[in-house]
Amino acid sequence: MPNLVLSDFEPILDKVATKKPSDHRRKTFWRNVFIALVLLFLFMPIIILVVFSFNSSKMNIIFTGFTFEWYGKLFQNENLLEAFRNTILIAVLSTTISTIIGTISAVGLKKYNFFGEKFIGKLIYIPIVIPEIVLGISLLSIFTLFKLELGFFTVLLAHISFSIPFVITSVRSTLYSFSPSIEEAAEDLGASRFETFWYVTLPMIKPGIISGAILAFTLSLDDVVISYFTAGPGTNTLPLYIYSNIKTGITPDVNALTTLMLIFTIVALLISSKIETKNALKRKS
Amino acid sequence: MKNQKIKYSVLLVSIVVFTMLCLIIKNNAPKEKAKTAYLNVLNWTSYIPDDVIADFEKEYNIKVNYGTYSSNEELLAKVSSAANGTYDLIFPSDYMIDLMIYRDMLEPLDSSRLSNFNNINDVFLHQEYDKDNKYSLPFLLATTVLLYDDEKVDHLSSYRDLLKPELKNNVILLDDQRIIIGALLNAEGFNANDTNDNHLEKAYEFYTELKPNIKAFDSDSPKSFFITGEVDVGLIWNAEAILAQDENPNLKISYPAEGFTLSMDNYAIVKNAKNVDAAYDFINFLLRDDICKRIIDEYPYISTNKNIKTVPDNELNEILSRGTYIENVGGDIKKYDKLWARIK
Amino acid sequence: MKNHNHAFSSSSETTQKSPSSSTSIKNNHNQSFSSDSVSSVNSSKLFRKPSGFDGFKIFVTLPVIIYALLLIFAPLVYVFFLSFLKGDNYGSYDYEITIKNYIEAFDPTFLKIFFTSVLIGLITTFICLLISYPFSIFLRDKPEKTRSLIIKLVMVPFLTNSLIRTYGWITLLRKNGVINYSLVSLGIINEPFNLMYNNLGIIIGMVYTLLPFMILPVYSAVSKVDQNLLDAAEDLGAGKLKKFFRVYLPLTLPGAFNGSLMVFIPAIGYFFIADILGGGKSMIIGNLIKNQFLTARNWPLGAALSILLLVMTFGLVKLYQKIGGDLDELGG
């Protein structure tokens, strides 16, 4: 950023910033406008998406009239429903598996020194930082090498492998926040390592596990790139279904399904803020 | 940090709700009969209507896993990179049949199992790429045509006409390397299968002249560019052109004077396919007159079924005599790959 | 800690990934060798069962070793290996070692795409920064309730399918789309803009899809800047811009770089956005690699391009660590 320009503008800006009440009000106004514009930018396509779910034309191009018909047709579109079910199934399974593996891995990486620990510790960051496409093609290559038939299983495996690192980092952040002496105490009192892990460690890192699992679930739900490379002919996920239909035109039943999902998200949002204020009140009292 | 907290609580609740939604849908979905037979099909986008497939599934109690591709090259890559037996039935075009036979990727067809073989019009059989139809059976004929809006632009009859400066950013081309390079070669007066370096360079020069006029490349649904008014001119598949005409009667079709390419898409069974029986069932089903009719109504390509007249005989003869099939060029395909990469 | 029935609140309390908290965690960890916890850490290693066989150790370390080697290391090594093979243009390859793919990767045709793609990535990142900073700074002064509501709103798009949102942009950006139609009918412009089927369309799509990944880390960094520092700067006569460049920017640099990584890296790989909004005319590195694998059937070349992309990514991550970024905060 050139300093020249910076100092040139400073006097002007300082003048603007002199604190007269009316100036202040105007400033706040423009700030609110900016925030509103950013939000508008983020929501514009979503508004379009919702509006077109009520479009009477099959082509998602021009709005011809209002109808609810797509919300009914949605439940007759077997392919779409199957893709949706696969998506949820893969998300639930991959979240469960990657949460379990990720949690015990985080514990293992913290507690033990083992041969190649540093190396493994570095490896697990790779899926977080590398471009998804590289991860996708590398998994595709290795699956092909091992002659695995591309399908539900390979997509699941791929989702597990990109989710685990997110769970590990999430769990790790909670793992370092309590003292290992608590675990030691449990062991001194005669608990086995497994018992200590189950009754002491796990409850304490539960928040990290939950947030890791939620992250894994969202990532799996919306993944296009990695699924694209690892899915076979019989497996369709919702993102893949949309991707393969995007060129020929998405029918409004997809909009309807996404709108329903959006409504649920917003409801969830409201519920969570209710819970939040409740908790806040509790804490105050 | 507050937002992190909100984020996670929102997500958690969403998960619960999504899962519930999923379960609700599962219960509401019509009870499927247990389908034991499967068929893995890989076909062009916009080629067979969904309801035709659904009817086949119902009639034969076979579950069809239907995948799509937008070019022969994509088809080849998908089939050769997938594990053996991943796909059963595919629909390669002429030159790709030749290449796949050469690469030993296709299973010979058993004519005794093709009960509806006689529905095929003889003029489409015994093509250069598979003389005895040992591996392939013609399904649909696609041609590349010029489509233009008569109201908005002047009459177009040749590739040269596409170079007019007033067509800036107003032309759509198919996203298919052999078809487009073939057209560029035709435009310069060469054969669409030419592999001479100088000729290919000439074709590239034609492309650089054309480039400012190109709005987009699309093979999957070029018609929507016309329907939304995005472009007024295009070099696209015949069926797409006819479908666009249904929406906008001002659109006119013309066959380029310098020549044009033909694509004969065929049924072919992949080597080591697992569901050969189902593949034959599907071929015979698609060869039925009523099914052919339904396909053509939705995607008006030229049907190979002799009982269904998509175009009058004299017009068909003219198309077949003037058009050129794309041929397998063997190792020279690298030249095409390279040129295509330069174009894109 | 009361975890039961307070999953919501506690989950977030402990997952706060503020630089300060995480550094303190790190410090704890490091100090463990000098402070009171030293005994416990060492004891955990001292009390290891003498038999030498530790079932629990195997239970907690074996899965991660298998996972990391089989699903991260092996695939990447295999891609690296592939990149030195000779492609035969028919979707398979000869087992013949060559560096031809790397030479081909530097072909002017590909270099041009690499260059365009990096440029698109940089512009996207820059625009995201340009939006995120004022957004976060303006938001900082808002009351708590407004702030949390707005951050929630920023995250709603996250939870809607990204493809269908990108598809929504077609309706907005078309020649006769919502934006052009409004501008023309308001008399602002005479001729509709070409907003998509070009690089501009790709950039709009990328900024849209990736903006939340920038806003969240930048906002979290900006909201942690000490108000006293800002007041002090103001008292010393610093203007708006000075305050930004001397106080905000240095203090939020790791956050901004975190966001930039999370924007730039996907922006050179998200082929689907280029597919939808680029009209098949503009390619980014993602399309290039995808095509080598799925249409040009030249896996070794695709592998070589991937390895180059990987090297570039690792360089950026090293840079991020150098300016004080924490790997654990990426992607959180």
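For reference, chains read A, B and C in written order, and residue numbers begin at 1 within each chain.
Definition applied: a residue touches a chain if its C-beta (ideal position, glycine included) is under 8 Å from a C-beta of that chain, and two chains touch if they have at least 3 such contacts.
Just so it is clear, the structure is predicted and the values come from calculations on it, not from any experiment.
Top-ranked chain pair, ordered by C-beta pairs in contact, is A-C.
When chain centres are set by their Cα atoms, the one at the greatest distance from chain A is B. Centroids of chain A and chain B (each the mean of its C-alpha atoms) stand 35 Å apart. For this pair, chain A with chain C, the centres built from the Cα atoms lie 13 Å apart. Among the residues of chain C, those in touch with two or more other chains are 7-9, 11-13, 15, 17, 148, 152, 159, 293, 299. In chain B, the residues that touch at least two other chains are 4-6, 8-12, 14, 81, 218, 228.
The residues of chain A that reach two or more other chains are 61, 140, 210-211, 215, 218, 261, 265, 269, 272-273, 275-276, listed in rising order.
On the chain C side of its complex with chain B, the touching residues are 7-9, 11-13, 15-18, 89-92, 109-110, 144, 147-148, 151-152, 155, 159, 174-176, 194, 197, 216, 219-220, 223-224, 279-281, 283, 293-299. Taken in their complex, chain C has these residues touching chain A: 1, 3, 6-15, 17, 22, 25-26, 28-29, 32, 37, 40-41, 43-45, 47, 54-57, 59-61, 63-65, 67-69, 71-76, 78-79, 82, 131, 134-135, 138-139, 141, 148, 150, 152-154, 156-169, 171-172, 178, 208, 211-212, 239-242, 245, 261, 265-266, 268-272, 275-276, 286, 289-290, 293, 299, 302-303, 306, 309-310, 313-314, 317, 327-328, 330-332. Chain contact summary for the complex, chain B toward chain A: residues 4-6, 8-19, 21-22, 25-26, 28-30, 38, 40-42, 45-46, 50, 54, 65-68, 70, 81-87, 218-221, 224, 227-228.
Across the interface of their complex, chain B is touched by residues 59, 61-62, 75, 78-79, 81, 84-85, 88-89, 92, 140, 144, 147-150, 210-211, 214-215, 217-218, 221, 232-234, 244, 247-249, 260-261, 264-265, 267-269, 271-273, 275-276 of chain A. Within the complex, the chain B residues that touch chain C are 1-12, 14, 71, 73-74, 76-81, 99, 103, 169, 175, 214-218, 228-230, 331, 333-334, 337-338, 341-342, 344.
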